[in-house]
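Structures incoming, each one as structure tokens.
Below are two complexes that have subunit A in common, paired first with subunit B and then with subunit C.
Here is the complex of A and B:
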């Protein structure tokens, strides 16, 4: 018996005793003891300088109740104001009856004024946490943040998931936003001169912070919508682009492969979608001046035309030329506008910094050299998809 | 040992242990049993004999028509003469005759269904085997049913069971060795194996362990299993038990050793490996592709049975971040108002299921319906509506319960259930870390386990690639040209 004791029981007891030092029962928490956070809103109080954080916690039974057409709230928003980002979890524990569980939040909404001030402290605080999440979408809001956070949205029920789903559709259908608009993408460019576009949203002002809004058939009312892009350099917002400019910017960065365009030929309107856009960049140095050659290739799909012309080869060529010309003009205009505002929208400065070779030595030292870049644009496109009607109805 | 009753070898032996008044002593020894029949018969040309037998164990017709006629109707020479034995053999060729060496053997012979002819004048006894034990007919297997393949199952009669195997293996190479175990029950146990295929070391181990059994009674093969299985404590069975003659035949033909126990319809097979518990008789009666797929399904079910409840507990109690948001919200909403932690909830549900299962096994069949109705209430929507359990837990318990029944071997499914509760406890105390520890511990334990000297995880560890053709997959029969190397067979090619 003593042999068995020594060989079997003693090691077993020892192993059990040691295991008490491990993560164990005291860390147990049931899912219904968690306040699952769906969306976080961040702002700064201009009077006190304190940070204001909104936690939008999911009410699980509210979600299920929604499915049963029982008008209970799917989310509750809690507002806290503290001087440091680290103080919010403690503050939340004072009012929330459940443990704050931010691991599942789907969106961070930042007020425009805070974005323009810079978000370095918040990014650093987030990165420092062991349960940090970086694949969460970041949004900048033009509307007051309290309105965004106190809005019930139809269909998806959870505002965080709603705007996230809206955003996820954009790269495929409209090109208005990139799929690289998450926290990690902003963090990636935190120490480089490259610009990032973060989706800009606003809320319809007719919102009602009441669950009755979910009974209203009018889907637009009080909904969150994408209105463009907030341009970020490092940790702060430096400007705003409207949706058309965002599309162009993302196309040039290679982050958007489809864009929708309207052309005019001989006074007739055409709707075109450029698909499978490929952008090739070639940066060279000639007499100390950077030369950027952009070659854009794309397939065109004719969505609608009321030209009253037959779709023959000549018409196709005219459409191709018109699209090429229009895209070139738009890019040049965007670049000029960027230069005037000090925005390196083509990311030339970043390209120069990555160049190797002694000939780039001087260029690397000159931080403003991107302004003198000579731009060469070549657009090559071809109409590939016509639809089913070569001769549109004329009603005659 | 099956030539034990060769009377040629024994008839000349003097019955030194037999004393006077043998018949009376036999009657006395059996306590004047009500089923003991004691005839006095008149021999020709002179002398008397006493015919004793237990009428509950013998074929009375044979005694009356063959035995008594032989002793009463013709003139008998003395047992010393060769003619006596020749005549006796000619009259009753199928009944082995022996002369007991002592009084004890005589008593045991009567209890074993033999008829004792006590030649009172000579004070000698003969034991003639005319036993006819009652047994039920051969039925379909109850616990190992198949869609295709033979439908015969073993019965409680050893002779019937041996015949079921004999008729499948018509080979002189098949060795049957008999011994009696149990000081009171004297149960006949037969060890069977193919002489040219079985590893001598394994056969030796079987013999050694069987001879070492020191007990008063053996009522079933499970008694024997407890004595001869590996001594190392383990939840896993280290012997295969089956009620199917085709399974026994196939294992014997692969060089394994089997143990028949008189009175038990379950036959023990050894050595056995972990992966053999995932193969079912059906595997060999279906196309190989289907068999392989089903084998994977069984392995998957084993994983489900062990890991589904524990994984659910670990994730819901410790690692909520691992769940997709939608699923998390769903589970959270379902758990609203449930008074117990997930671990208690799962344990209660599974224990209730085990209780129901046990009740279903023990209670009369006529009451089975009542159990189904109550069971559906306790484990179903009623429990959810009462707010005692969450619907997700009902699904988890149902998946686990179904997966528990997929195992083709009953003993293995019990091991599976033991592991299941252990893993649940680990998940409840240490989350995924506990699960990982449990899984590693189980793998190490399996790797260190042996069945009659054969590593339990063969052919995966140690790796025997040649044996993989009937482990995780089942290749077509024409490709199985060699015997499994499992226990290093002497003969390699089939």
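Here is the complex of A and C:
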């Protein structure tokens, strides 16, 4: 190559190579031009049959103001109504001055009526999007969705982050919700008979869509609260469990390792936390009937006792026995209640589908066989933690 | 022919990356959809078949030492018939390069940068691949060596952080597949990636010593890793979700949450994994370039590499309309079409060589 040619070609190639760096401009994302969505609410209009979506967008100046507590709105809620989930981004472009950016949203709240209809269309739309995430927490609400989405909450000023943080605490401290209650967990069971529990929330009736609420000292007012669990079979909500039943359901599924319980011995109250709960399930088939043997082991922590008794070995044994009996009764009751409503709360049908061997062939075909399950329960627990008192004060 | 040599270790790494690049992104979802929770077993028997086929290529090479597959065609069957075979091979290698390019473009367009025209990805990667091809096989081998460690590290980190999602029950009930039906339904895995490794026969002459000593372990290691990737995908994502997704491994990275404040790291991970696709592309591109050079007796690779960028870029756009068409083509024709180049032609060349060595006096290729 001659010197002159080299002098012309090298800069040309270099310029071309540098211009490659500009190709990212097609997908450029300017933070200042984005409406960062923190929480999404979904409902269906019963009159038109259209979907209603609420986007809760973060107000950047409101977040900065948060540090100074000068009361600026941390989020704004936008409402749209369209026939298809795919139409909302276009609708949003007509009113929001920034580009909709749902990549980092923290929670989806779905109205109970829509959850009962089924969420398959929404799941499919979400899973197909390149910027979606299915490890997002899903909540079902008994309250009108407009109230949930138009509520400012204290402490964590972003409502999405607030309910997500509340949920994340539960498996460790109360067992009232599972970490496996995300969108992907519901998706995974779309073809299986297994039931999933999704947190159920409601909003305090005294809620206000005004940011002045953030200046109110009363934390309960207008707050979002966890009130139980929405039971899902495939893509549809089929029922509701109260908090105690949610704890039990999650414990038996192995998704909750700690639960808080109140016992009564001789008319006296005791507060117990069952910790490190291990559940062993053994399903066998006897004369065509499933036999489920549950072995539950746990360590107990005595949080408070008002029995008027000294703490000795005999008292410990009575506490152990009471807890074992109470848990056994609750499990039997849960199973019976489930049967009466057609809910396989012990997950027997799912266990049967995962069984190998020709002897399970007929059982796998019979969708109702779980109803005939014979249940055997063994609870083994020991009080391990007592607190810092050797004996309770008796005041005598 | 380029005067260069690569070590056994380098060829092992090249084999590993060529087999796994694009495969680990695309194949797990398809295999899990077919073989469900037993999908991780499928690579073992397909890999065994791949090893047997590679052993046959090595035997062919043993009869024609120091020659690439293109040169073997022309030296065995003559300029006319052998040249025709060689031309088909050259076209096949270009086609593989176009497929890899398109897979790469589709991945970028679908997951990371949906607004950018797909041709931009194609051209950008191809220009670098062409540069690598001009620099030669030693450069490509060294790049392979240096990037593989990073790839392995990223993969291990993603798996470790995702293990919180692991559930053994996702593998139950195990070993339930209808074996022969699964063999039939997963036969395309034999075509892609195992049969397309015939491209590596272009590199045999550059390997110091016996290429079989690194080719066969490379295929075996890639098979083990592919099986492991599928195993992790099932354990972390579950059969149902993984079988509905095009890039299940990317979804694992996308949903990874190492800690409450470490999430949304998929772009960083994908960029590292993209280098794996690039490694495969650069090897495929190099093989295509030297195939054309060998066929037409050209010495300057850059004269082939530059036009090839545009040819492959165009082919990558037209080779398939979309992923659905590609999946259907793959299911129906990959096994047959790839076997033509991976099995039928090499067998013909082996027989041809055997017959000539036996019946034409003084014509012993192996002794030349």
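Methods note: the second predicted complex is superposed on the first by the 375 of 396 C-alpha atoms of A that agree within 3 Å, B and C clash if a C-alpha of one lies under 4 Å from a C-alpha of the other, contacts with A are read in each partner's own complex, and residues count from 1 in each chain.
Operating definition for what follows: a contact is a pair of C-beta atoms (placed from the backbone, for glycine too) under 8 Å apart; a residue touches a chain by one contact, two chains touch by 3 or more.
Because the structure is predicted, anything quoted here is derived from the model rather than measured.
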For this session: Applying the touch criterion given at the start, work out whether A:368 contacts subunit B, subunit C, both or neither, answering first, second, both or neither.
Result: neither
Problem set entry | First (subunit B), second (subunit C), both or neither touched by A:356 | second
Exercise. Which holds for A:161: it touches subunit B only (first), subunit C only (second), both, or neither?
Worked result: first
For this session: Have a look at where A:27 lands relative to subunit B and subunit C in the superposition and call it first, second, both or neither.
Result: both
Exercise. Thinking of the overlay built on chain A, is A:130 touched by subunit B (first), by subunit C (second), by both, or by neither?
Worked result: second
Problem set entry | First, second, both or neither for A:192, with subunit B first and subunit C second | second
For this session: Quick one: classify A:106 as touching subunit B (first), subunit C (second), both or neither.
Result: first
For this session: Classify the contacts of A:47 with the two partner chains as first (subunit B alone), second (subunit C alone), both, or neither.
Result: neither
Exercise. Looking at the overlay, does A:287 come into contact with subunit B only (first), subunit C only (second), both, or neither?
Worked result: neither
Exercise. What residues on subunit A does subunit C touch that subunit B touches too?
Worked result: 23-24, 27, 103-104
Seminar exercise, completed: subunit B partner, complex, touching residues on subunit A are 19, 22-25, 27-32, 34, 36, 38, 58, 60-61, 63-64, 101, 103-104, 106, 131, 161
Exercise. Within the complex, which stretch of subunit B touches subunit A?
Worked result: 316-318, 320-321, 325, 328-333, 335-338, 341-342, 428-431, 433
Problem set entry | In the complex, subunit A residues that touch subunit C | 17, 20, 23-24, 26-27, 103-104, 127, 130, 133-135, 168, 184, 187-192, 353-356
Exercise. In their complex, what parts of subunit C are in touch with subunit A?
Worked result: 110-117, 120, 124, 127, 169, 172-176, 238, 240-241, 244-245, 251, 254-255, 257, 260, 264
